[in-house]
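Following this line, the structures themselves.
Below are two complexes that have subunit A in common, paired first with subunit B and then with subunit C.
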Partner chain A sequence: MATDARTLPLARPAPRGIGWSLLLTLPILVWSLLMFFNPGSSKTPIWIISGAITALFMTTLFFMMMRSRSTYRWRRIFFVSLGVLFPIGFIYNIVVMRGTMGIPVEEMIAGRTPFCFMPIPMLILPAAFTRTLVFPGSIASASHGIAAMVGVWLALTLVMGKGWCSYACFFGGIEEGVAAIPARAKIRKLDPRLRYLPWAVLLAMVLLSLALFEPAYCMWLCPFKAVSEYVAARNLLGLVQNVIFILLFAGLVIVLPFLTKKRTQCSWFCPFGAFQSIFNKISIFEVKIDKERCKPCLVCLNACPNLSLSKESVARGETLLSCMKCGACVDVCPRQAIVWHIKGTEIAWKPERARLMFLYAAWAMAIMFGGSIIAQGIATILHFIV
Partner chain B sequence: MPAFASCGEAIILGLVSGPACIAACGPILVPSLLAEHKGFRPHARYLSVFLAARLLGYMLFAVVAWELGLLASLLPAPRLLLMGVVYVLLAGVLLWYAYSARRSCAQPCADSKLVQITENRNHGVTGAAALGLLTGLNLCPPFVVAGIRAAQMGSMAAALLFFTVFFLGTSIWFVPFVGLGCIVRNQAVITVARMAMVLIALYYISMGIAMLLGKKAYGY
Partner chain C sequence: MKLRVVLGYTAAGATVLVAVLTPFLLFPLFSKGVAALPLHVDEVYSGGPTVRAISMGAYSIDVHRPVYPHFLQSEKPFVQLDWNPVSALPQHVSDEVDIDGDGQPDIRVCFEVPRDPKPPLRVDVVSLNPRYQTMQNAGKEKFSRLIVRVDNAILVRVPLANP
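And then the complex of A and B:
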């Protein structure tokens, strides 16, 4: 009796040859050099060293992805580095410029608050209703300007969808690093309804931002204020805001990831992540499950750091809308039933080619956006050492 | 003729203030509508009750404030106190609403008739009435503007007429909310709506307490 080859378990693919891996890494090397040593720009020795370290770091990780044919663990090294080095560079910069991590009201009134991507969904309704941006920042500023950040975000999002949350977000790395520390999760039974919470936070914050005419999430709920810039508390209310930031950071970014081995802030809270999920509908890249090959052993459910798989979704042969395309499930599947996929193609159509196409786009973005943040963090450290 | 002029002014004021009104009421109205039945009719009914109660809130405030001579000159401290109390009450109603949506959802949510989140028709009506009344008492910026203008009227009846026409002008902006009835109701939508209600209630309760504390919270 003939057996369909796709129903058979597959052996782990052998590592790719060094020559092929180097050849596939070459475009990324060129891109890294262009990003960190663009001709015509004058740089200090510290910047040259930090750029070189970053270029080497990013290129090596990509080479390892090509050689090992696995994605997640190498991406995680980059992502955790990004998460750790972002606060170092950012805090140093604002302390040099402002003298404190706290944002005084005067800075907000003057429109000098650095803009991150988090408030983007909260700007839309007030802008539509009043043609006003409810963020106390500058639109045109070259660094931390609203226009620059929105432009970068839009361009990358249209291609990557929620891949942003695994290859560009400079907040998620800390919790991913903490989640990697314990060998096993202390809490295994997680209420699936918590997956809805980011959507609720998004809905509440968008509506409150419109009502209050301020970016409500930044003012009240952003856990990362604890490691970036907090409210310069001049009254009891300011103190309460800072206590909320610290408690959310400690709970969602440190304690819960350690206990669950999941990115709990991303999975259960981040409104930007929920908003970003919508763009997974547009992005051509996705992760699919070959139902003919899937057993299902559900190893992927435990491996997914973002709770983006459920028994039902596995049975349907797809991830949930919240999939961040980190590659954890693809790498862990013992039957290679979970594959990178380009929309509009057959599911079994050259998954490694789909992976390569996705990774070139994702890694180019990671170098351009996250790489510059890593370089900034390294430069800050070097500044203190040298 | 002056009555016509003041009515015209009130309706124009209402129409131009409409976006600010829906912005102020949005955090209360949108999640509670999303926790309702699917379809235009339930939404239209909910919205009608909400708006009628909101008008009642306007009228109540106008009558009391007129009698006390406070319509245009409500000082910051009592205004903060009133808003604090309204915020705390709004939070309470939202929390009750979120909880009761869960209770009524418990039975039918297991099957495809999820849209039937409740057989108790009074649930939506009572909730809508309570929320509408409290948003009517909430001193949002358009309401304050209308209050100042109404205070310049010659009599209480004229002031109430001004408020009513102003209310009609703002209410037109609420009609599109009926469109939320088109959104599919399933466990995800209802759960998100309930969670959002809790989060918004937490915001209102903290702001309400801060307003009640006044100087102790704000430092000025």
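And then the complex of A and C:
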């Protein structure tokens, strides 16, 4: 099974035929219909319409991935839609339920605070030492319960590893969308040491959460509280917390992505992203660089939205541990030296097969998790229109 | 090398299978597994388990086990009392409560019960036992010192005096 990397053409391959692309998309179409129109579930007309729009949307994007043989730009359309539609559906729901984006004490005591994935790493040490979950939610609640979210996270992590941050995270799409707006980065020179910051934030937040017995990141530093829900400002402390959330959101999710064309919150700050990087070690899919084909032009370094490539890592023929498997570097490489790869196989041996297997798994998960959030957002918009 | 390739593709195929099975099998399995772990939500939020109920005729007062914060948690130790159901409460509640069950009242609690559930509640607690702290016109400033309406109950959390 010798490598045929050097026999691969240097030019980008021609688009796949429409018939083949449709055939490859067929399983995703069936999966979408199964996810949004599963038998036995009763749906309102608005839900049926939003489900149909989402199924069509996700299937079309997958078809384009098959036809164009590129991943990043089509995934980005999904991901930005997820980032934009999540707050719309979520905020509408909580405002209808409780009349405010602030979490009232009553809801915390009743265990009705929706659980997102961000606090997962911060719950581990308190749970290990005291069997206590430091989150004002419900463990077994079917919707937004801690067990349900941890269950989804476990399953998706098994499939994608750090790919969670490109195919499932319902926050990252906002900054990816902002980063896509300018044609060129205004700030191009970024200190490579900044990529270690999320690990520092993770360590600090995990230890602080154990010491203070609260999800410290959620209480003090999560920029996305600005577009989801926050601790209701009952006193000066609460006011300070909310000002921090808004400033971090403005800085890390709006201004810096616009100036750098990078996902700065993810690259420099997100403790969950750092935690998720660990699971890239167990993920069977990865992105590799064929050192024999690579003439280090370093176009990939600029293209990577997450600072997951360095000169040294390119020389080694691999991405860094923080690689989110978004496909930006693979698509942009002028010599097709960066490839999707299955661990254990030769580098650049049938990379399209590795890409297809990863995309089937990742897109199925994206439809199940992100697709349902997109459908919720569309249903909310339809609710206002109709 | 061939074995590694076979193992690699087997694992990749298994990953696709995991993805397909997730909504039908793995997600419910993982969720039930996590829910079955011997974990509980921090009692500073949940108020701790109810240890006994005091019947007051039309309504009752549930007494919870005292909650002691962990490590550097900013809350004070407290005990939670639930008046329920709200619909059976008089407009003005003034009850002496025997928290520790020794037959002697430990605190006197007074609060108004507005029919509209939205206005914030205020509570006065007079300590009759030095173990419990007095509160005057308390609202919901801290988890260890508050009065709130949750569903069909009014919850009062009384801080314990420093040991």
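Some notes on this structure:
To be clear about the criterion, the second predicted complex is superposed on the first by the 378 of 386 C-alpha atoms of A that agree within 3 Å, B and C clash if a C-alpha of one lies under 4 Å from a C-alpha of the other, contacts with A are read in each partner's own complex, and residues count from 1 in each chain.
Rule of thumb we're sticking to: contacts are C-beta pairs under 8 Å (C-beta built on N, C-alpha and C of every residue); 3 or more make two chains touch, one makes a residue touch a chain.
Quick caveat: nothing in here was measured; it's all calculated off a predicted structure.
Superposition of the two structures on subunit A leaves subunit B and subunit C fitting side by side, clash-free.
Of the two partner chains placed around the shared chain by superposition, subunit B and subunit C are both touched by A:T130.
In the overlay built on the shared chain, the residue A:N235 is in contact with subunit B and with subunit C. For the combined arrangement built by superposing the two complexes, subunit A sits at the apex of an angle of 50 degrees to subunit B and subunit C, based on C-alpha centres and given in steps of 10. By the touch criterion defined above, A:W164 lies against neither subunit B nor subunit C after alignment on the C-alpha atoms of chain A. In the superposition on chain A, A:K343 makes contact with subunit C only, not with subunit B.
Taking subunit B and subunit C in turn and counting the residues of subunit A each one touches, the greater count comes from C. Judged by the touch definition given at the top, the superposed model places A:A140 against subunit C, while subunit B stays out of reach.
By the document's definition of touching, neither partner reaches A:F86: not subunit B, not subunit C. Using the contact criterion defined above for the overlaid structures, shared-chain residue A:A211 touches subunit B and also reaches subunit C. Touch criterion met: A:Y196 reaches subunit B, while subunit C stays clear of it. Put simply, the nearest alpha carbons of subunit B and subunit C end up 5 Å apart when the two models share chain A.
Comparing which residues of subunit A touch subunit B with which touch subunit C, the overlap comprises 126, 130, 210-211, 213, 234-235. Residues of subunit A touching subunit C in their complex: 1, 31, 35, 105-106, 108-111, 126-127, 130-140, 145-148, 150-152, 154-156, 158-159, 210-214, 234-235, 283-285, 342-346, 354, 357-358, 360-362, 364-365, 368. For subunit A in complex with subunit B, the touching residues are 125-126, 129-130, 193, 196-197, 199-201, 203-204, 207-208, 210-211, 213, 216, 220, 234-237, 240. Note for the complex: subunit C touches subunit A at residues 1-2, 4-5, 7-9, 11-13, 15-16, 18-20, 22-23, 26-35, 38-47, 69-74, 140-141, 143, 146, 148-151, 155.
Subunit B contributes residues 19, 23-24, 26-27, 30-31, 188, 191-196, 198-200, 203, 206, 210, 213, 216-220 to its touches with subunit A in the complex.
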